[in-house]
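Okay, handing you the structure first.
The chains carry the letters A, B, C and D, assigned in the order they are written, with residues numbered from 1 in each.
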Amino acid sequence: MVHKSIEKALILKNQALTPEIHEMVLGVKTTLGVTPGQFINLYCKDGSRLLPRPISISEADEKGGTLRLIYKVLGKGTEEFANLQKYEEIDYLGPLGKGFTLEKDDGKTETQETQEILIIGGGVGVPPLLELSKQLKGKKRVLLGFEKESILIEDFKKVATEVAVATTTGDEGIKGTVMDLLEQGAYAPKKIYSCGPKGMLKAVQAWGRERNIPMELSLEERMACGIGACLVCTCKTKEGPHEEDWSYKRVCKDGPVFKGDEVMFE
Amino acid sequence: MSKSEKRPNLAVKLSGVELKNPIMPASGTFGSGKEFDEYLDLNRLGMVVTKGVADVPWKGNATPRVAETYGGMLNSVGLQNPGIEHFIREDIPFLQNYNTRTMVNIAGRSIEEYVRVVTALQNQPVDLLELNISCPNIKEGGVAFGTDVDMAYRVTKKVKEASRQPLIVKLSPNVTDIVAVAKACEAAGADGISLINTLLGMKMDIKTRRPLLANTFGGLSGPAIKPVALRMVYQVAKEIKIPIIGIGGITTWEDALEFILAGATAVQVGTANFRNPRVMVEIIEGLENYLKEENIDGIEELIGAGHE
Amino acid sequence: MSKSEKRPNLAVKLSGVELKNPIMPASGTFGSGKEFDEYLDLNRLGMVVTKGVADVPWKGNATPRVAETYGGMLNSVGLQNPGIEHFIREDIPFLQNYNTRTMVNIAGRSIEEYVRVVTALQNQPVDLLELNISCPNIKEGGVAFGTDVDMAYRVTKKVKEASRQPLIVKLSPNVTDIVAVAKACEAAGADGISLINTLLGMKMDIKTRRPLLANTFGGLSGPAIKPVALRMVYQVAKEIKIPIIGIGGITTWEDALEFILAGATAVQVGTANFRNPRVMVEIIEGLENYLKEENIDGIEELIGAGHE
Amino acid sequence: MVHKSIEKALILKNQALTPEIHEMVLGVKTTLGVTPGQFINLYCKDGSRLLPRPISISEADEKGGTLRLIYKVLGKGTEEFANLQKYEEIDYLGPLGKGFTLEKDDGKTETQETQEILIIGGGVGVPPLLELSKQLKGKKRVLLGFEKESILIEDFKKVATEVAVATTTGDEGIKGTVMDLLEQGAYAPKKIYSCGPKGMLKAVQAWGRERNIPMELSLEERMACGIGACLVCTCKTKEGPHEEDWSYKRVCKDGPVFKGDEVMFE
């Protein structure tokens, strides 16, 4: 049996999209088996930072053998990433986690050419929705929320039926959040896919639940191993009809993508 | 390696159990092995040590449960586990597929809870038991068993009576006198001592100006704590006769060797698995090379060799 | 900075003594200040804390006295010092040249030795005394004063009686219950608590297969120990009323802020001085910027703000 | 008052001289005030290694503004140094410590054109003796001992009257140590300068003491601060006529160069 291990990727691009958000393109051995919504563990070079950083795969180009990552410079680790130069190497592990469902259990595709699909993203939850949008079939309406500056809009426009933007500051699109977009549009989707901050996901969940729409939500939680072994990255999930029927699932292994009615937000 | 060359002998005997090598995962960092199956051959390990299991399912603490620290990490998982029944049904059969020793780590909040777990394991194909007495929330007196000499003695004695397998007691480093606790466990019949569990620590989130972990405090692990762990192994090795499993920050074969020289018969690798899921195999290979280069027949010669 | 802009107020009051800011060196990492004179303006510091001084000269331990560890270091200097007479003759006059507060760290092996030092300092221009009760080799009982609640109480009480200056007691982290020790010192009349001294650790030299330090064990310091130090400050701050000086791995202004949020009135910087002799000035500037950006009038508002 | 601080140096050269010994040339702001025998604190980039590495200044070129370092790859820190590339930057502090004496207390030069000077080096104790050999006046006889491969021989030949080599393996020069060279030659120096492993220095000290020759010995000890503050780098020195009259001095500040009769070896 061949065992998986940490791989070396070649940095083909590493540049700022906005002052805070950077794009990194990695040349990898293979992108086979990547599902939209999966992530990789990216390792810091500085030995004082032990834990891998989970970063979602924003695009996976099978032919080119590249992974595209979009990341926000938040702390020391992402700051280190932002300072890496083209053609430097970086260690990674993955793809990891359970991505979005593209096929039904019976092997048929989950969404059809004619279906209305709603894809809702916020902040650095936006990137993994790009590969998803590429691979899904159907009428894909994409609602994206940002603080001030948008990212990836042109990329989404290439693959989606409609792209609407909201920013908190009003600098781009409407002034407000994706929930405002949602309330203002007359959407009646057959399925919702969403990734973003907890508050947003919670609101999306409530909106979809009211309308009885199947949903897939991608969560984020602080991680250590990223492979399901340490149990630090759990989220509360429903296990039955009663309030007390819940358990902790692992965002890294059982997720990051969960069924919409499964996730329990505080 | 040519066939004629002698393969360096990494085998050790731990509390009566033969291990092919002294390297094993630290409890709670390796799941029950399943999650690492994709990354390494479980048969290469000296033993598999499973995550802590209690008599009934425990849900653990709220998130965030992890914080990175300089050269280490804090966790506040709170011993989330699906309970002994589930463990026996799901995990033991899985481990039976491998030609590897198994040690089950036991969690509990009272002597009765511990005893229930080891009783349930009496007829199971498990080689060793590791009693975790460093859990901060337990019934008696509100202090962890592991931080009180008398309680450490009592719980070890009771659990030992109920165990069919050799019993290793895993101690907390958050004590003034680790030697006294280790001696109490030895006197109570422990077959070995695991040293150390995590150091109690915390981190502030300067953005929210609140503790970062939902649980405020967490257990510090990783290379940062290695000097403390090594010191405790060295101190305890001078004073007890039962074997010691060294734990704390082990990341390289050199780290493992330091613990063996300090008196550990075997060592556990914890946090390092999170950075490199294949690290234990690399440590085993590193020790093999070392023995070859230094012309040492067997690693058992080196156990405690660092004491004059 | 334009003149009209208000300068952020870093001043704190520590056991009755006004400090221009809460940043000071940790004892033993700064000599008596002289050695750092080339690297920074001593007047910038909240206070100078001198190396431990005993009643008579101590020679300290054999070398090697230092070992680097992952994210930290071990030292076994053994409180080498030229004695209080020499200190009063040489070091105090030097510090008199600066417009900065002075705290003298007191070393001793018995209550009498400690008392002799503070008595000698009674009429000296010294603002505060820091009593180091974490020395592992002392007369009574063979245990460090700092690891026993009753002894901590007794030594604090006696030394306090002999001190003209406010007395800060510096505690050892190598204990089961740091809160109990801190409370005993408070009850005995201490004016403040310094937390923490080094964690006891060791390192093996795999080349010689012997402990690397001549003294076998050493004190672990540096960023590796920060989570443990911070936890102790947080725990103790909940339970005592006298101020706390936070110590352990502080390297950046963010680290300093974490300790202040956890309840420290001031903080000491130790090991970080060895990597960057100007680090304390950088920490002070970092805190100033933070207050400005967050629009906070004075840093005193943040002391203990991390507790709910 | 201008305060000293950590400086950035530009790596102008970094190459292996032997498999273990490397040479690094640093472009620095100024080499003013460097005395032969002084060292610099060189900082690791990896945050898991906190302590600076003390490395002797082998040559200081005032005009070129360069410092030449010769270092042995021993552990993780020097391994990191060996992997640095030309034109990368590295942090350093210094020059530090008390070097060799070139002038007497009365300001006259310590050694004269006609004097016999013996310079004895072993292993990585050899490099600092190069700048010393350049600056000293007199008949400079240099005895160098190595394990197997010599370094810097050609450099020494340019500035010394005589250079003799010993190697333990016999691969170069005589088979043996500098002590063998010392016993075999008929040396009657007016002064001895030496740097190398403790065992060698002890033997040199004994030889010189017997003959009542003034000596300067450069010591090595594990350090933390390198600036005299932490007291970890001490060595035993004589303080008076009696056995018990000794104290610990700091190798980093009071040394690394000490008077030959001052140092007490165990």
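Criterion: contacts are C-beta pairs under 8 Å (C-beta built on N, C-alpha and C of every residue); 3 or more make two chains touch, one makes a residue touch a chain.
The structure presented is a predicted model; accordingly, all values stated were derived computationally and were not measured.
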item: Relative to subunit C, chain with the most remote C-alpha centre; value: A
item: Counterpart interface for A-B, drawn from A-C, C-D or B-D and sharing over half of its contact pairs; value: C-D
item: Geometric centre distance via CA averages, subunit D-subunit A, whole Å; value: 57
item: Centre distance in Å when subunit C and subunit D are each reduced to the mean of their C-alpha atoms; value: 35
item: Overlap residues in subunit B, where contacts from two or more other chains coincide; value: 70-72, 223
item: Shared interface positions of subunit A, touching two or more other chains; value: 47-49
item: Overall pattern in which the protein chains touch one another (line/ring/star/complete/other); value: complete
item: Residues on subunit C engaged by subunit B in the complex (per definition of touch); value: 69-72, 74, 147, 174-176, 199-204, 206, 209-211, 216-218, 220, 223-228, 230-231, 234, 249, 254, 257-258, 261-262, 302, 305-306, 308
item: Contact footprint of subunit C on subunit A as seen in their complex; value: 47-48
item: Subunit A - residues contacting subunit D, complex; value: 45-49
item: Residue numbers on subunit C that touch subunit D, as the complex places them; value: 28-31, 35-36, 38-41, 51, 59-60, 63-68, 70-73, 75, 77, 80, 222-223, 271, 273-278
item: Contact footprint of subunit A on subunit C as seen in their complex; value: 70-71, 223
